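For reference, the structure discussed in these notes is given below.
Chain nomenclature is as follows: A, B, C and D, assigned in order of appearance, with residue numbering initiated at 1 for each chain independently.
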Amino acid sequence: MNTSESLRGVIPPLATPLGGDGQVDRPSLERLVAFQLDAGVHGVFIGGSTGEIALLDSVQAAAAARTAVGAVAGAVPVLVGAIDTGTRRVVEHARRAAEAGADAVVVTAPFYVDPHPDEVVAHFRTVRSAVDLPVVAYDIPSAIGTRLTPDIVAELAAEGTIAGLKDSSGDLTAFREVLRRLPGFPVLTGSELMADTALSLGASGLVPGLGNVDPHGYTRLFAAAAAGRWADAAAEQERLAGLFRIVGVADRGRIGFTAGALGAFKEALRLRGVIAHAATNPPLLPLNAEEVRSIAGILDGAGLGGAVEAGR
Amino acid sequence: MNTSESLRGVIPPLATPLGGDGQVDRPSLERLVAFQLDAGVHGVFIGGSTGEIALLDSVQAAAAARTAVGAVAGAVPVLVGAIDTGTRRVVEHARRAAEAGADAVVVTAPFYVDPHPDEVVAHFRTVRSAVDLPVVAYDIPSAIGTRLTPDIVAELAAEGTIAGLKDSSGDLTAFREVLRRLPGFPVLTGSELMADTALSLGASGLVPGLGNVDPHGYTRLFAAAAAGRWADAAAEQERLAGLFRIVGVADRGRIGFTAGALGAFKEALRLRGVIAHAATNPPLLPLNAEEVRSIAGILDGAGLGGAVEAGR
Amino acid sequence: MNTSESLRGVIPPLATPLGGDGQVDRPSLERLVAFQLDAGVHGVFIGGSTGEIALLDSVQAAAAARTAVGAVAGAVPVLVGAIDTGTRRVVEHARRAAEAGADAVVVTAPFYVDPHPDEVVAHFRTVRSAVDLPVVAYDIPSAIGTRLTPDIVAELAAEGTIAGLKDSSGDLTAFREVLRRLPGFPVLTGSELMADTALSLGASGLVPGLGNVDPHGYTRLFAAAAAGRWADAAAEQERLAGLFRIVGVADRGRIGFTAGALGAFKEALRLRGVIAHAATNPPLLPLNAEEVRSIAGILDGAGLGGAVEAGR
Amino acid sequence: MNTSESLRGVIPPLATPLGGDGQVDRPSLERLVAFQLDAGVHGVFIGGSTGEIALLDSVQAAAAARTAVGAVAGAVPVLVGAIDTGTRRVVEHARRAAEAGADAVVVTAPFYVDPHPDEVVAHFRTVRSAVDLPVVAYDIPSAIGTRLTPDIVAELAAEGTIAGLKDSSGDLTAFREVLRRLPGFPVLTGSELMADTALSLGASGLVPGLGNVDPHGYTRLFAAAAAGRWADAAAEQERLAGLFRIVGVADRGRIGFTAGALGAFKEALRLRGVIAHAATNPPLLPLNAEEVRSIAGILDGAGLGGAVEAGR
């Protein structure tokens, strides 16, 4: 793919719908893809943090990638996460992604092993040389405890090892420094709440987990920003901030943050009629009935009550 | 295996020797196993942090487990690490470990996904129910950012989900609390430097990375402690503390802590004639010649200069 | 003071110039104040992190506050930091600030004592009731390890305990949430590099440490933003980002971040002829000659070479 | 004082009793000192973390030090904390401690300012040269976020800048390294739960917050250890571990850890009839009636129910 064109726009990190048997619910994932394409997204990201990549076994990961590639059918690029602790593990995932038809792989720094910055650089070089696909660097220190600093990103971008950056650091200062140092380099933000700001700073696109639930909102926001209608983008962002409250309904004394956030996205998709079940992989615990009612209320308040007519 | 007897004594987390082709160097691993058995170790742990588990691909991990199981030939228990971010990923590793002939699997809390304590508990239950092997819980917050608190350990031990604990937390206060609350439960320390102290507090055994290099030292220490000769145990501990300085020779401005520690163990094993190459998996960077010379000097100082006649 | 009007605009956190005797260099501080007023700043903040508040003894802190109040002579509001670990300690500082003529005090959450959020709230209430001055909350987790969450800020603002927020968290997402929940509430950013972005999100003003060195840049930036000339604001921000590189010249292997940043501001002020000495309080170590030359080069590159004609 | 003799034995960090007026309750503090001396303690530490040093204003701090010095009347050494963010602030506290009659001052690394290790060393040198009192280094990373590494301690000890170390790091590995590198150097542990272990490793003494409540237990433990009766020391340690559960009764969803721990010590002292009130300084929130009942029950269970006949 031509990455400077492809790593642009709204590229939601899709949830991985699961069936009652614990396997990937392919019809639900196909509906989710259709729902996203209908909304005008510019790509999809399979096997990101929102896609429960850290919790998928190899059968699930392969099924999710293949199903999505099939459902997208070339309409937009499909990014696939190759997320693991070490370089050779990542290469295995990346090769499977390539076999499944991915257009690019998304890769974090190594973790568990407390790498030196030069080892982070070596990691990306080894992965890139092992697969014939563009590599998008994924900065997510909240999950892995290591930063992709602007220095690391600049080095990898300048030499062509990475084709883009997905920034989920929450650090807009570093985000801006990357954009300053790498004019034209595709930088995507993972932020649900600062999408308009990131675009105004020069981001090429958005990878919002909340985009699962309301892709139309993010494509409107992106279109407004692309047209320079910043007040419209900000208004859409404010509406999405209201919707994002679904992530906070879970009682953190009972289940973890990831369970609360991914569970909320899936419950909202279920309530909207896009996917059949809201189940997440173990060990994530489910939302309870009261929390699901809160999510339904927030959806209603955001004008998203009732089932969509997705992909039909 | 009878875990209360088996999870006892010196059970080093073996390095995974690699050949020039990047694959597991089976003859070297066989020599390492023989070297360990000659020294009187009570078990071996394959695929721990020292075994580069986070950096092994599936082919390497399987080769290491199978080779070690074959070389041990039932002489002592073989523990195998099933270390990954999520429950289903861990189950896949655990099943492969079982196929390779492991006597027990070693499992950390989930990571990347910021689990709630109840989700940590659920994780171990799911893994345990999926494989017909004892599960040893592995507390290593420096690698995964999550603690196995005494509450979690006590709950899992009381219900029989876990058969033992490997503690690499560095927190002897919590370690002692676990021992206080679970009399007779096997608790192994991963500490190289507090082995005698841990045994005096009631630890059932030792899992020291440095045991790769000097298993005789740790078996002497354990025997002294078992016989109540605490001054002898302390003297051996002090000698081993001197040897442990090999872990600090690497310039941390150049390579990471893991690279420095695992590289030092492998260089020392190479210098002692046990393994053929000191290579580590990517992205770890190698020690340089000056650092290797420092290791050789420390080995000499500890009376470990020259090649051993391992397993012959 | 009318805080909704006063906590607005450019309010630099002034450095505390020291003389050869280690005491506050009053003539230098007077020149610094004059330099700032000439540049059109809307207030000054004495005894912030940039003012070495954590390193000032009581004599220095009082001298700095009194000198600044005298030099400002009512032209603009003078904010004074009352930064300490516990409530009663902070009250002592706040009373001294009131005696020195401060228009408001700036207060962080308690630290050292790992407070519960309700204890953070209690802290601000007690401080506010003990002094007859507006209290500005100061969120600086990098220094104290505790956040002033949007929930805490909203509670304290709604009840009138705090008159404004100085945000140095680096977390623009939370910053924006505060602005969303508290329309019209004065929120100042401590960021040197995201000043235009913060203003576009609704910040009432700027508290940039770099404003010591180039107040004209920040007042131009603020004026551009106030007039809706966002491209001009961004261009000024980019120029200031270049200047901010002075903070990075120090060798972090030799001195700490604080020493490097505060030393750079003082060296730049000395090079610009505003203050006589660049000395910082112990235990901060000084920049070396090569680092000072780098700062001079960066100043030249930013068009700030040579001495200003400050306050004369 | 002869520090190698004086920094030895049980030296509890005394609570600072407060009266209904919020000022230091001198009669209660005098009773607490008498209670401690009756129990055979070898010193007292005023103004430590347990003494609420981070929350005391200058009047309280001076009153606590003077009252304790007077009540001790030379019977044992009186250590006084000089705890603050910066060097000059610490010097001010240290001079006041000297005026109050302290035998030594206890000093942490600087905090708030993220110091380089060389700045930590400079800090201690400056403090030492400014007061004519021995300086005890205080390693408490949980409060200040910075470690006193073995390298720093060794350098300061070798040159005579510090006379001892109080270790509250929880890191017995580093503790042991300090003892290994500095034979004969006084090292005190702040651990309530690992006192016997620390002594067996070579600690010169104990500074347990729980020693406020049960000094007799810790003096028995120390005497047993000094006589080589390690099983007796361990049995006493186990009894004290049961008593230490008072620190855990507070609902952490309601008040912070510090409030729960310091409140528990004071409630227990009140229940034992040693001090009149259990109040702590703002912003710490008090224990509730149910939590106090739990403490009373734990005291009963440890054989400490009912009021002592302190200081008579």
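Basically, a contact is a pair of C-beta atoms (placed from the backbone, for glycine too) under 8 Å apart; a residue touches a chain by one contact, two chains touch by 3 or more.
Chains and their UniProt names: A, B, C, D = 4-hydroxy-tetrahydrodipicolinate synthase.
Every value quoted in this text rests on a predicted model; they were computed, and no experiment measured them.
*Asks:* If you average the Cα atoms per chain, which one ends up farthest from chain C?
*Replies:* Between chain C and every other chain, the largest centroid distance is to B.
*Asks:* So how far apart, in whole Å, are chain B and chain C when each is placed at the average of its C-alpha atoms?
*Replies:* Result: the chain centres lie 50 Å from each other.
*Asks:* What whole-number Å value describes the gap between the mean CA coordinates of chain A and chain B?
*Replies:* 36
*Asks:* What are the residue numbers in chain C that touch two or more other chains?
*Replies:* none
*Asks:* For this entry, which pairs of chains touch?
*Replies:* The list of touching pairs comes to A-B, A-C, B-D, C-D.
*Asks:* Considering the complex alone, what residue numbers of chain B touch chain A?
*Replies:* 49, 52, 54-58, 60, 83-89, 91-92, 110-116, 118-120, 122-123, 126, 142-145, 252, 254-259, 281-285
*Asks:* Under the definition above, what is the set of chain A residues touching chain C in their complex?
*Replies:* Contacts found on chain A: 170-173, 176-177, 180, 191, 193-194, 197, 200-201, 238, 241.
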